[in-house]
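Some structures to go through are shown next.
The two complexes that follow have chain A in common; it is paired with chain B in the first and with chain C in the second.
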Partner chain A sequence: MVKFVKVIPIAVKVGTVTIKYPYAKPLVTDSFRGAIEVNPSKCTGCGACTRICPPKALSMSIEGETAILRYFIGRCIFCGMCADVCPEKAIKITKEFELASEQVFDLYVDVEHEVVTCKRCGSKFVTSRLLNKVEQKLEEFPKELLYLCPRCRRIEMLSKQTYLR
Partner chain B sequence: MEVQRQTNLETFSSKDLEKALQRIKKSIWVFHLNTGSCNGCDIEILDVLTPWFDVERFGIKLVASPRHADVVLLTGPITIKTLPRLVKALRAVPRPRLVLAIGSCAVGGNIWFNSYATLGGFPNIIDKLNELGIIIDKVVYVPGCPARPEAIIYGVAVMLNLIKQKSHYKKVKT
Partner chain C sequence: MESLSTSSEFENLYSYLKRFSDRLVEEEDNLRIVVESEKLREVAEVLSKTEGVFLRTIAASDERSVNGFYKMYYVFGIDKIHRNIVIEVPVDPSDPVVPSITDIVKAADWYEKEAHDLMGIKFSGRTLYKFVLPDDWPDNVYPLRKDYTVQDLVKLYRPEIVTKAKEVEAEAAIIIPIGPYHPALHEPEYFELYVRGEKVVDARYVGFMVHRGIEKLAESMKYDQVPFLAERICGICGFVHSCSYCQAVEKALKIPVPERAEYIRSIVLEIERIHSHLLWLGVAFHLLGYDTGFMHIWRIREQVMILAELLTGSRKTYGLNIIGGVRRDIDRDKAKKCLQVLDNIEKEFKNFVDAAINVPQIKSRLRRTGLLPKSEATSLSLVGPTVRGSGIPRDIRKDYPYAAYKYIDFKPVVRSECDNMARTEVRIYEIFQSIELVKNFLDRIPEGDIAVDSWEPEPYKFGIGAVEAPRGEVIHIVITGRYSPYRWRARAPTYQNLPAIPIMLRDIELADAPITIASIDPCFSCTDRALIIDISSNNVKSVPLNILSLKSSKLFR
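So, the complex of A and B:
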């Protein structure tokens, strides 16, 4: 009982420490990392972020006529590795952390990309935006090989070399 | 009459849930259930209960038994070892059975979503719990690794319909 009395002057000196959360703004520093935001006008769909993401919150899949870059906030650990690795600087780290939702469905963000089909086998292998970017960078690359999927490209190259001999 | 309707599992509709939520608006008691969490989210829950965030000003109180609880604070990716205890604890919670899944483990499994030792988050077992007769009336998912104390308070507010949720499904074309 006597020990407890010692606390009272300390408590009076310190005063109230409770923050008024819903009304006062929460403490968010410059280095704070929240949910990420993908800029659809910059993203090429290269998939570098899906490879670096530790919990695979970002995933790339081809569904029908479109390639979808899917971001699942529920699995994200807010490490910011995707923003570091993105070659186009399309991923921005926001300060958003009030993400609670009643449905898991609401925690998904999809970015749709157009897909290029292989001219020989008809399989979809890369987003058209990434192909255009590669086409600009590689000027000497033969054009007929560019629109083939990796497997068909290999066959094409090999058959060319064998015919030469 | 009211009590009879509550105990009947089949006739507990969404209207009854709304009524029950109105009754619960005064103050909620929470039970903390750790299902193989790394203790990060557990420490954040303790943070919420400290004088700094002082969640008792909203009437939210931590209780020791699931029988006294209105809301279950669930953390962790639900490991195989904790599953029987989870089922036992959730069965003891009275209706309306509300669950606040805290942290990215409980929501999506985090880096253990594909592991053989975990079930990869709470959404994966809701259907199985329903089969067992444990009907979860409402679940609110609070992402974050760990979830911030403010985010947990926000999640409770979403659960009690005090505010509308911010996050919605987005689909953008390039």
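So, the complex of A and C:
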């Protein structure tokens, strides 16, 4: 009949449930995905993460003599796909979520890489670290081709073969 | 499972369709049939008269580069035998006209308007006006046609404000939406209620104020990026969208999803339903002026949110689905924790809802308000708790089994009172049912992989993925492309349910309008403001919806 009065004992039993954030215990569980952290010593600048990133928060650009892997937290949706695809396991998902800042620059994190210039045309085409990595993996690959950009490599290969004939 | 050709009940329908077109293919769960546009109305008439056939979705697609036509896909579903009938109508690009079927199949109304706006298909025999696109959108630009890329469209359409800002030499323009939008919390929805005194006579709905064009955007994204975009269609039940999308691609390309992944998907889907229904209950209590109820329900819901974070890594937008499986496993510790939390929620919720639903004001405000007759619910092909509150046991989990629901037996919750109370009760009992289902899934989950190793896209395959979201059926159609979906059509449950609101509002007290609009759980959107036009005195006044709603509670006291 007066069933609705039951709310009172429930309320008394439960008491206060809000906590004194940010002074109380952490709010997130172990599985929580927050901002990512790129380990500059492991990253080779291959750009796999920039290709999978759904909101394009990660981008790769060449500015002057350096290649820059830029992470813009403002666009990040914290899905962690970059960490999944990174072949070097250089990306770590942190539990960081208090990311607000008064300065927009604080929301950018850059990882800088040295770049290699093409021996033939002089264009910058790959980070030197990635090239070293590839060099180790492909021992039998002709050295003179390795330092050519993809376009020049094609020309070189073609002219070589024509010469052989 | 029965197919249409072997089903005794639908034998006549099948032989009829067979006579109709020689281009008829029976696939695993669809019967695809190509129909010329002159004959479309005839087929639609037969389908609408066959009992148990509902319209599920309609999609328009630009396939000029593939076969020289635009194409309309009409997806009708026969719940009983778990089959779709997909009617494909090729449309001549030089004169893209299709006969309208809205007078035969009521539910087709919005789909036709949308196809007209976005694909430039004309429908003969009905009036059409700009429905989805903004009023100042350039004429003869149909964004979903393949003539335009996303970048083209951004250049083509500039909101008026940009020119205005330039005139006054402003450096930047910021648009702050005020009006039918709520700038922070809710999505925009705008209802005009026509009243005589305190009684509602009719209602009109204006929507699509934030149409974001994500179907177009997805065509420029890679397959594995789209689930994250799909998840952001809804802030409350996003997982159903990524799930539907993945299932559609998996169906189209015949990717075998590991059983364990199917179970994990189902577990998370049910957890999402629990939190969504709890959210709705809280908001409904709030609308009825019972804020104690709102607070307690949301307190209970918080545990579900934390649980979801533990299982998936995020409170909302779980980011769990990829094509061919899921990204995170549920290990033993997590499963144990999950059971503990669910037990606790079940106990607390049972205790509390028993008290809350017996509050006299709540009872009297929900009973016999917002009536939605069974016949109307059928003819509009409604979905979810809205239709189940009107005595029709439509539930996609049961009717078109997907993920792990095919391994489990359960009965959809149905109430036949057709009022707001019925829809509330459906949701309350579904919370208990979902808890039961999760426990069952956790009990039966098999060992194994959680995703396929790799898969290859193959262009121009057709797939339908449907999921029973907390609000009703979500259905996605995917036509595959080489690197991205060629066409992706997402249809959310509220799209199907909103046309029922004017029916539910007819002849009710004005003060009951907010809860009635809310009773379909319209992603709650921006029902926060309503415009009241008094026909007798011609006065127009604007009242925040929550104040409007409180009025009646006070009268009652």
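What we mean here is this: the second predicted complex is superposed on the first by the 158 of 165 C-alpha atoms of A that agree within 3 Å, B and C clash if a C-alpha of one lies under 4 Å from a C-alpha of the other, contacts with A are read in each partner's own complex, and residues count from 1 in each chain.
Heads up, the rule we're going with is that contacts are C-beta pairs under 8 Å (C-beta built on N, C-alpha and C of every residue); 3 or more make two chains touch, one makes a residue touch a chain.
What you are looking at is a predicted structure, and each value in this text was computed from that prediction instead of being measured.
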{"item": "First, second, both or neither for A:17, with chain B first and chain C second", "value": "both"}
{"item": "Partner chain(s) touched by A:43 [first = chain B, second = chain C, both, neither]", "value": "first"}
{"item": "Partner chain(s) touched by A:113 [first = chain B, second = chain C, both, neither]", "value": "first"}
{"item": "Partner chain(s) touched by A:80 [first = chain B, second = chain C, both, neither]", "value": "second"}
{"item": "First (chain B), second (chain C), both or neither touched by A:162", "value": "neither"}
{"item": "Contacts of A:136 with chain B and chain C, given as first, second, both or neither", "value": "neither"}
{"item": "Those residues of chain A which chain B touches in one complex and chain C touches in the other", "value": "17, 54-55, 77-78"}
{"item": "Interfacial residue positions of chain C with respect to chain A in the complex", "value": "221-222, 224-225, 228-229, 232, 292, 296, 299, 302, 306, 309-314, 317, 319, 327-328, 334, 351-352, 354-356, 358-360"}
{"item": "Chain B-touching residues of chain A, taken from the complex the two chains share", "value": "17-19, 21-22, 26, 35, 38, 40-41, 43, 45, 54-57, 72-78, 96-102, 104-114, 129"}
{"item": "Complex interface listing, chain A residues touching chain C", "value": "3-7, 10-11, 14, 17, 28-33, 51-55, 77-81, 84"}
{"item": "Interface residues, chain B side, partner chain A - complex", "value": "51-54, 57, 104, 107-111, 113-114, 121, 123, 138-145, 148, 150-151, 153-155, 157-158, 165-174"}
